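These are the structures in question, set out in turn.
Look at the two complexes coming up: subunit A is in both, with subunit B in one and subunit C in the other.
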Partner chain A sequence: MDAAIEITQLQKKFKGFELSVQKLSVPKGFATALIGENGAGKTTLLNILAGIRLDYKGEVNYFDEKENDVEKVKGQLGYTGSGLFFLPQWTIRQVGEVGQLLYDDFDVERFEKYCSELGVTAREKKSKQVGDLSDGNRMKLVIATAFSRDTRCLLMDEPASPLDPLMRDDLCNLIRTYLEEGDGEKSVLFSTHNISDMESVTDYAIIMAEGEVVEQGFVEDLKNKYILVKGNPQDSEQAKQILYTFNSSSYGFEGICLAGNLDRLAGMDVSMEIPSLHQISVAVMKHYATLQNTR
Partner chain B sequence: MKKYMIFTPVVYRVVVMSLCPIAVFAFLALQLWGMPGNLAMYAMAILPLSEIIGDWLIFDGLYKRGEKIPRFLMASTKGTTLIKQVVRVGRLRTLLYDLVFVGLAAVLGTWKFWGERGFLYQVLVHVTMIIVLFSTAQLGVLITRFFQGYLWNIVVATSIQWLVSFMGYWLSEYAIWLLIVFGIVSILSLLIHEWIIQKRITEGFFDEGYETGV
Partner chain C sequence: MKILQNSGVPIYQQIAEQMKTDILNGKMVQGEYLPSIRSLAKDLKISVITTMKAYEELEAQGLVSAVQGKGFYVNAQDAEMLKEQHMRKVEEALTEAITAAKIAGLNEEELMSTLKTLLVLSQEDE
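Up next is the complex of A and B:
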């Protein structure tokens, strides 16, 4: 697997939080979802990869070229994030003008096209200040700046969070089109704490918990590794010992089972389904939390 | 200059960069046409006042502790250089405005008194006046950038105007001392501007509470 980004022994400590990633590869040519609950370290990791946080130890290589100086590849990275992304007093027009100053490949016509298509300038005047935009429109503006350049990799921090369901669907289409146009050379890494809306565009998933990568793999491989199992109440106690995660009610039990343990369910009246990425992610995070609590 | 202009909103260009200098000339014209009172002096006070209040429109809270440089700038290799350049050009423009408009206002508004204390002394007074106005504007801008919201700018600008008024009384008597004091204030303000912007940019790339010994 060719990697867009490779991370080795990355560490960062601040305010009692520790990010520790021993080995991580973001595959080239695919959309990778960085999944984790709030505070898992997704934003910290993305900030490091985008070169806007330099307070870490470890190695980050970009584009299979063993280039580990983020300053040399910043021009090929597109970044979207929340928080103070633009000065609040900038107008929509100024954002485009500043974009031209910051990036040689910033296409202001493309920026205006995306602003229009995403509905930013359809409802708002170009003279409207960023600080007066809604969270959703501000994120659309951020997304428009990232797609207005010729980048090789997009790093998107929670791009879907402030968007409505229709816009999330549009965002998935934008990401898909970006990858198709890249013909295997462009990659996208986006973070989310709610994978449901972005599952359709996700090829590869990295699941984080408490600053560590606890699972990663292509979605199809993960769906072969984790199986959703449902069964009757009388088998609950026995199944509980076997399943990776377990939930029960008076109607029966449900949980994720590792594919390697399926034969241990022989003799039980269970049905098996392919889980969604959302279900896999929740199971992995729950399992990790349980392990941490028992330590 | 082009980069600086992109950072300036239309209202700033209209009010601070255009209307205020026009107002200075309007006061001057009234003075030259024989209106009583020292209108030229009032005219000069407009510039630092507008610079301090107007700075809120471009760099509101830029030097505030914990405030980071916008990520759009940080994610680009040119971002940090750009913001430093824009801040520097802003200071240079203030100095040019003071030199041109205040200088002109001072000369035209007081030319009839030039014979009283000699040409060189009048030049000294006018240079001092420009330095006083430039340094107080720089000082005011420096202070307000540590705070967010326009109210701080108004409070600081008003205080600075009071300070300038007092200096106006002493200008002709203590020109050389004011020149030295406010010359030092100018240089210190410029140096602190440079230091703070570099510090804030560097801090922007490091999380608060980062443990360097990881």
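Up next is the complex of A and C:
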């Protein structure tokens, strides 16, 4: 699989925290979700990839090019984050004007189209100031600007968080349209805590914990690797030894089992289900946390 | 195409099944290109990897072929194989009916007469 971004031996040390990624590929032509607890290193990683943070060790390569021309790559990346990118006194119209000034590839007609589609300008006047917008609308404005440029890869830090359920659905559609337009050439990497809302658009998942990548893969493959099993109370003790994550009550147990270990459940009366990406992510994060605690 | 999110059947399988039906009953003809994986994902509001897996499934069954850079197209369907596929479906459905009949306590005669009645009804429909 071709990579949109390839990372080798990336390292960034802070006081009491270290981001350390040995090898990571963001697949080209797909939407990749970056999942992990608060403080797992998602934002630091995205900032490094976006070129916001330059003080790191290691290699980051974009678009499978032998050597990256930094200026060219910068022009091909789009970024959205939770920070304030626009001055509060700018109006929505002025945000579009500034976009045109800053980027040659900024399409102001598209910007206006997205603003109205996303409902920013449906209820708000174009003369409304950024500072007076709600969190959700401000994020929509950031998203509209990012999608108005002609980019090859979008890096989005928590785009879904301030959005309501309807808007998250719109965001998913925007991402799908972007991928379709790219026909295999455009990629999206977004971090999220709203795994369930974003699952329908997620092709590849990267799960992080304490500065490391602890699991990654195409969602369909992860769903073959992790199986959700449920069983009866009498098998609880035995299952506990086998399962990847385990939960029990007086009514029985449930947990995630690695597909390779399913044989060991033979003889138990268990039912199996394909887990959601949310369930897989929680299991991986819990498993990792337990490992840390027993170390 | 109807996609059920929580039916227990993986979405890629549902897509593959429905496309297979379209190919086998001739709705999609030899040489016809399938929609691109990304446009199908967009239309069905699902992830790209899901549609890709569905197409790979169809490819593995020999129903479609991939051309680098152009997408997937429908293969020529062998008439024998087509009949075989349909035959298998008939057998599956009848086996299911027999199982249900046993549970309901129907004897052979009653089952046959039910089948005959249904045959007559479906002929009237046509």
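Keep this in mind: the second predicted complex is superposed on the first by the 287 of 295 C-alpha atoms of A that agree within 3 Å, B and C clash if a C-alpha of one lies under 4 Å from a C-alpha of the other, contacts with A are read in each partner's own complex, and residues count from 1 in each chain.
The rule we apply is simple: a residue touches a chain if its C-beta (ideal position, glycine included) is under 8 Å from a C-beta of that chain, and two chains touch if they have at least 3 such contacts.
Keep in mind that this is a model prediction, so the values were computed, not measured.
A.B. asks: Give one word, clash or fit, describing how subunit B and subunit C relate on subunit A after superposing.
C.D. replies: Because the two structures are overlaid on the shared chain, the partners are seen to fit without clashing.
A.B. asks: Tell me the contact category for A:119 with respect to subunit B and subunit C: first, second, both or neither.
C.D. replies: Neither partner.
A.B. asks: Report for A:220: first if it touches subunit B alone, second if subunit C alone, otherwise both or neither.
C.D. replies: second
A.B. asks: With both structures superposed on the shared chain, find the angle between the C-alpha centres of subunit B and subunit C as seen from the C-alpha centre of subunit A, to the nearest 10 degrees.
C.D. replies: About 140 degrees between subunit B and subunit C, seen from subunit A.
A.B. asks: Identify which of subunit B and subunit C touches the larger number of residues of subunit A.
C.D. replies: B
A.B. asks: Touching A:97 in the superposition: subunit B (first), subunit C (second), both, neither?
C.D. replies: Touch partner of A:97: subunit B, not subunit C.
A.B. asks: Touching A:52, do we find subunit B (first), subunit C (second), both, or neither?
C.D. replies: A:52 sits against subunit B, while subunit C stays out of touch.
A.B. asks: Which of the two partners, first being subunit B and second being subunit C, lies in contact with A:176: first, second, both, or neither?
C.D. replies: In the superposed model, A:176 contacts subunit C only, not subunit B.
A.B. asks: Using the touch definition from the top, say if A:203 reaches subunit B (first), subunit C (second), both or neither.
C.D. replies: Touch status of A:203: second partner only.
A.B. asks: Once both structures are overlaid on their shared chain, how near does any Cα of subunit B get to a Cα of subunit C? Whole angstrom is fine.
C.D. replies: 27
A.B. asks: Going by the contact definition given at the top, which residues of subunit A touch subunit B in one complex and subunit C in the other?
C.D. replies: Subunit A residues touching both partners: none found.
A.B. asks: Spell out the part of subunit A that touches subunit B in their complex, as residue ranges.
C.D. replies: My answer: residues 11-15, 44, 50-57, 71, 74-75, 77, 79, 81, 83-91, 94-95, 97-99, 101-103, 127, 129, 142, 145.
A.B. asks: How about subunit A: which of its residues touch subunit C in the complex?
C.D. replies: Within the complex, subunit A touches subunit C at residues 29-31, 172-173, 176-177, 179-180, 182-184, 199-204, 218-220, 223, 273-274.
A.B. asks: Give the list of subunit C residues in touch with subunit A in this complex.
C.D. replies: Those residues of subunit C that touch subunit A are 8, 10, 12, 36, 38-39, 41-42, 45-50, 53.
A.B. asks: Using the touch definition up top, name the residues of subunit B that touch subunit A in the complex.
C.D. replies: Residue positions touching the partner: 3, 6-7, 9-10, 57-60, 67-68, 70-79, 82, 204-212, 214.
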